[in-house]
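Across the two complexes that follow, chain A remains constant while its partner is chain B and subsequently chain C.
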Partner chain A sequence: MNKILKAIDERLKLSELYEKYLSGYMVPGNLNFWYCLGSVLIVIFSIQIITGILLLMYYIPSVDKAFESVMYITNKVPFGWLIRRVHAVGANLFVLVLFFHMFSVLIMGSYKKPREIHWITGCLLFALVLVECLSGYLLPWSQLSYWATTVATNFPGAFPFIGDFLVYVIRGGEKVTQLTLGRFFSIHVSLIPFTIFILIAIHIFVIRRTGISFPPGTDETKVKKIPFFPHFVLEDLKVIYIFLAIMFLIVFFYPQFVLPRDALIPADPLSTPEHIKPEWYFLANYQFLKLIPNEFLGIFLQLIIAVIIFLLPFIDRTPERRIWKRPVFFGIVIFGIIFYVLLTIWGYIS
Partner chain B sequence: MDKKMTRRKFLGKLVAGILGGTIALFTAPIAFYLLPKKEKKKLNIFVDPKGNPIPESSIKEGDYELGLSDEGPVIIVRREGVLYAFSAVCTHLGCIVKWIPSRNEFLCPCHAGRFDANGAVISGPPPAPLKRYKIEITSEGFIILS
Partner chain C sequence: MKKVKFLIILFFIFGFYDILNAKKENVCIECHLETGEESLMKPVEEWRKSVHSENGISCHHCHGGDPNDEDIAMAPEAGFIGVPEYEEIPEFCGKCHIGVKENYLKSAHGKTLPDGPNCVTCHTAHNQKKAGVYLINKELCSQCHSYERAEKIKFALLSTEKTISSLSKRIDNLWTNGFDAEQMRKMLFATKNSFRRLTHIVEVDYILQRTGDIYSELGKVENEVKEKEEILKNRNIVGAFIVIFLLISALLFDKLRKELIKKT
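The block that comes next holds the complex of A and B.
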C-alpha cells in the first residue's frame, strides 16, 4: 500500500498539496466553537445529498404515487425510516445551524472588509437552503405538504400587478397540482443542490484567499497559529460529533418534531387540516404577516429587512469588530433576535 | 518493530478508530437500504404489462400470447389444444422472440436466431434453447408458471 501511495505521490506530488493546503495552512490558535459551524454545515449538506440520493431510488414524483412511495420507503425498505428521518431532521438542523453561523458572523463582525463576499455568498446560501426546504416539503404529498405549500405559494400573490402571475408561475398553474410537484421536485433535486454546491465552493475559496478571521479583540501579531490539519480539523470534529449526537437524538427519540401527524396523512385537496402552519423557520414571517393588516406591506417590509441584512457589509463600514465597542449595532441585533424569537413563539401558539 | 506508543501515535489511532467506526455505523444501514428486498414466494401468474392476469381462454388454437412472469417476458403458444410456455427472451443477447405460426417456430428478430416449437435451437447464434415453463390453470382460468 505504501509503495502504491509513494508511486502516486511521485507522479502527482500530492504531498505538496497536503503541505500547502492542510498541514502548512496556519489558522489562529484561539478560534472558538463558533468557527466550527461552517464545517458542521458542510457535513449536514453532505448528509442531505447522500440521504437525498438514497430516497430518490424509491421516491416517485407523481401525485398518485408520491405518498405511497414515501410510505413504502418508511415502512418496507430496510432502514428506509432512518434515511427519511435523517433527511427530514437534517433539513431542519441545516437551517438552525445556518442561523447560528450567521449570528456568530454578525456578533464577531466577520462580514467586514475584506470579507464582504463571504457574507454575500452566505446570505445567498441561506436563501437557497430555505427554498430547498420549502420545495422538499411538498414532495411527500401529505396533508402537511400540500397545505403548507398552498399557503406558502399564495404569498407572492400579494404583490400588485404581477402577484397572480408569480403564483401561477411558481405553481405551474392555478392550484397546487402535479405540475407544481414536478417543478418543485426538479428544483429540489437538481437546480438548488447544484447551486448550493457551487456557492459553498466559492464561499470556501474566498475564505482561503482572505484567511480565517481572528476572534475580535485579539492582537493578531501575538496570537499563536496552529496548522489547519490536524489541529483545527480535530476541533471541527469535536463539534461535528456533538451535532451528530443531537441529530440522532431527534431522529431516534423525537421524530414528531419534524414529522407531525398531518405528515402521515395523504394530501386531500378538498379538506384543509385545522391550524395548518409553516415550518418553524417561517413561523416568524408568517406571524409578522398576520400582524400587518396589508399583506403586500408585510411582505415588502420583510423584503426591506432581508435587503438590509444582505447589504450589511456595505452599510456598516466601520472597521471596529468588537461587539462591546458597537453598542447601537449590538442593540439592534439583540432586539432583532428577540423580536424574531417572540414572533416564532407567537406564531407557534397562536 | 517500534513497540513504544507515543502520545501522537495513540491519538492518531484513536481518531482513526472513531472515524472508521462512524463510517461503519453509517455504511451498514445504507448497505441494507440498497440491497434489493427479497419478496415472499408467491404464485408466478402469467400477466399482461399492466399486471392483470391473462386467462388461458384468451389464447386460441394456433395463436400465442406474450406476457410477463416473475422472471421476465414469457410467450405461450396453443398447439392442438395444449398450452406451451417458454421464456420469450432469446438466449443470445436478450431480445424478445416471436412465434411464427406458418413455420411452427420461434424467431429472434435481432440476429435471426430460430427455435423449434419445443424451444430447441434450429439455427443462428443462440447458444442455448429457450427456457420452458410448466403450466397450471387456476379455478379462475389464470395461468400459473413454474
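The block that comes next holds the complex of A and C.
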C-alpha cells in the first residue's frame, strides 16, 4: 500500500500540495467560531448539490406531475423523505448561516482593503442564494409554493413603465403557470448553482491570496500562528458538526418548520390560502413593503439599502476595523439588525 | 441635467400609482359587505367562521350563481337559486350531503316535515361547525322535545365519535410529518360518513346495532395508522442517535484541537 502511495506521490507530487496548502498554510491562532462559518456554508452547499441531484432523479417539472412526484419521493423512494427534508432544511440553514457570516464580516470590518473583492463576491453569493431559494420554492407546486411565488413575483410589477414587462418575463406570462415552473426549474438546477460554484471558487481564491483576516484589535506580529491542517480544520469540523446537528434535529423532529401544512397541499390557482406569506428570510422585506404606502417606493428604498451594503468597502474607507472605535457605524449596524429582526417578527405574526 | 431630473420625478410619480388593484375573488362576498346592511353582512361573517369556509365551500356552491362576474352573479341562467324556502332546506343541503339527507328523511325528524326540525335547526344556516356528538345537547334538543331519548342516542354515539376524532388527529399528525395520508383519510371519511348518516336516523336500537360494523371499519384505519406511527417512531430514534453522534463528535474535535495546540 505504501509503495502504491509513494508511486502516486512521485508522479503527482501530492505531498507537496498537502504541505503548501494544508499543513504549511499558517493561519492566526486566535480565530474564533465566526471564522468557521465559511466552511459550514461550503458543506451545506455540497449537501444541497448532492440531495438536489438525488431529487432530480425522480422530480418531474410539470404542473400536473410536480406535486405527485414530490409525494412519490417522500413516500415511495427509499429515504426519499430524508433527502427531501435535508434539501429543504439545508436551504434555510444556508441562508441563516450566510446571514451570520455576513454579520461577522460586517462587525469585524473584514470587508475593508484589501478584502473588497471578498465582500463583493459574498454579496453576489447572498443575492444568488436568495434567488436559488425562491426558484426552488416553486418546484413542489404546493399551495405554499404557488402562492408565495405569486406574491413574490408581483413585486417587480410596482416599477413604473417596465413593471408589467418584468413580471411577464419572470413568470413567462401573466400568471404563474407551467412556463414559470419551467424557467424556475431551469435556473434552479443549472444556471444559479453553477454561478454560485464559480463565485465560491473566486471567493476562496481571493481569501487564499490575501490570507484570513486577523480578529480586529489583535497585534498581528504577536499573534501565534497555527497550521490550517489539522489545527484549524478541527475547529472547522467542530462548528460544522454543530450546525449539522441542528439541521438533523429539524429534519427528524421539526420538519413543519420548513414544510408547513400549505406545503403538503397541491397547488390550486383558484383557492388562495389564508395568511400566505413569503419564507422567513423575505418576511422583513415583505413587512417593510406593507409599511410603506407605495409599493414602488418600498422596493426602491430597499434597493438603495442593498446598493449601499454592496458598495460598503468603497463607502467606508477608513482602515479602523475595531467596532468599538467606530461608534456611528456600530450604531447603524445594530439599528439595522434590530429593525430587520423586528420587521421579520412583525411580518410573521401579522 | 434638467431632463434627468424630469425623468426621475416622472419615475417617482408613476411609481406612486398603486397598480395593485386586487381582483375581486368572490363578488357575492364583496357586494354583501359593501351594502353595509346587517342582514346581508351577517351571513358572510357567519360563513367565515364555518366549516364550509374552512373547506373552501363558498356561497355559489349552495346558492348557485357566478361568483366571478357581478353582472350575472344572481342571474337564474347562471344557476342562481337564492334563499331556499324552509321546506326546501333538506333538498338544498342534500345536494352534497346525500346520505345524510336519505337517513334524515327516514327519521322521526324527517317525518315531521315540512314544519319539523331540519338541517338548519341543529347546524344553523351559515355558521355550521364541524359536526359532532356535541350537537346533541339539552339546550338544542329541548327546544322541541324532552332530552331523555336524545341523551341515550348521544351515549351510544359518544365512544365511536371519540375514536373517530382521535384517529383523525393521529392521521393529521402523520400527514404533517410528510406521510401520504390520502388513503387513510379516505377510509376514515367513508366510515365517518356512515356514522354521520347513522346519527341522523335518531333510533337508539338501530344505532347500537350498526356501531359494531363501524368499529370494525375503524379498526382497519387504526391498523394502517399504527403501522405508519411505528415508522415515525423508528425514524425519531435514528434521528436522536444521529444528533447525539454529531454533538459528541463536535466535542471530540474540540478536545483534540486543544490537545494539539498544547503539544505545539
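Following the convention adopted for this analysis, the second predicted complex is superposed on the first by the 350 of 350 C-alpha atoms of A that agree within 3 Å, B and C clash if a C-alpha of one lies under 4 Å from a C-alpha of the other, contacts with A are read in each partner's own complex, and residues count from 1 in each chain.
One rule holds in what follows: a contact is a pair of C-beta atoms (placed from the backbone, for glycine too) under 8 Å apart; a residue touches a chain by one contact, two chains touch by 3 or more.
Values in this document were obtained by computation on a predicted structure and should not be read as measured data.
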>> For the combined arrangement obtained by superposing on chain A, do chain B and chain C clash, or do they fit?
In response: fit
> When the two structures are overlaid on chain A, which partner does A:T272 contact: first (chain B), second (chain C), both, or neither?
Replying inline: second
> Can A:I83 be said to touch chain B (first), chain C (second), both, or neither?
Replying inline: first
>> Looking at A:F253 after the superposition, I want to know if it touches chain B, chain C, both of them or none. Which is it: first, second, both, neither?
In response: second
> Angle at chain A between chain B and chain C: what is it in degrees to the nearest 10, using CA centres?
Replying inline: 70
> Who does A:L54 touch here: chain B (first), chain C (second), both, or neither?
Replying inline: first
>> Going by the contact rule set out at the top, does A:L234 touch chain B (first), chain C (second), both, or neither?
In response: both
> Is it chain B or chain C that touches the larger share of residues in chain A?
Replying inline: C
> With the two structures placed on a shared chain A, what shortest C-alpha distance in Å links chain B and chain C?
Replying inline: 6
> Where on chain A do the contacts from chain B and from chain C line up?
Replying inline: 230, 234, 237, 241, 244
> Within the complex, which stretch of chain C touches chain A?
Replying inline: 10-20, 25, 56, 175-180, 235-236, 238-240, 242-243, 246-247, 249-251, 253-254, 256-257, 260-261, 264
> What does chain B use to touch chain A in their complex?
Replying inline: 15, 18-19, 22, 29-30, 32-35, 37
> Hey, which residues of chain A end up touching chain B in the complex?
Replying inline: 50, 54, 57, 76-80, 82-83, 230, 234, 237, 241, 244
>> Going by the contact rule set out above, which residues of chain A touch chain C in the complex?
In response: 29, 71, 74-75, 81, 84-85, 154, 157-161, 163, 226, 230-231, 234-235, 237-239, 241-242, 244-245, 248-249, 251-253, 255-256, 259, 261, 264, 271-272, 294-297, 300
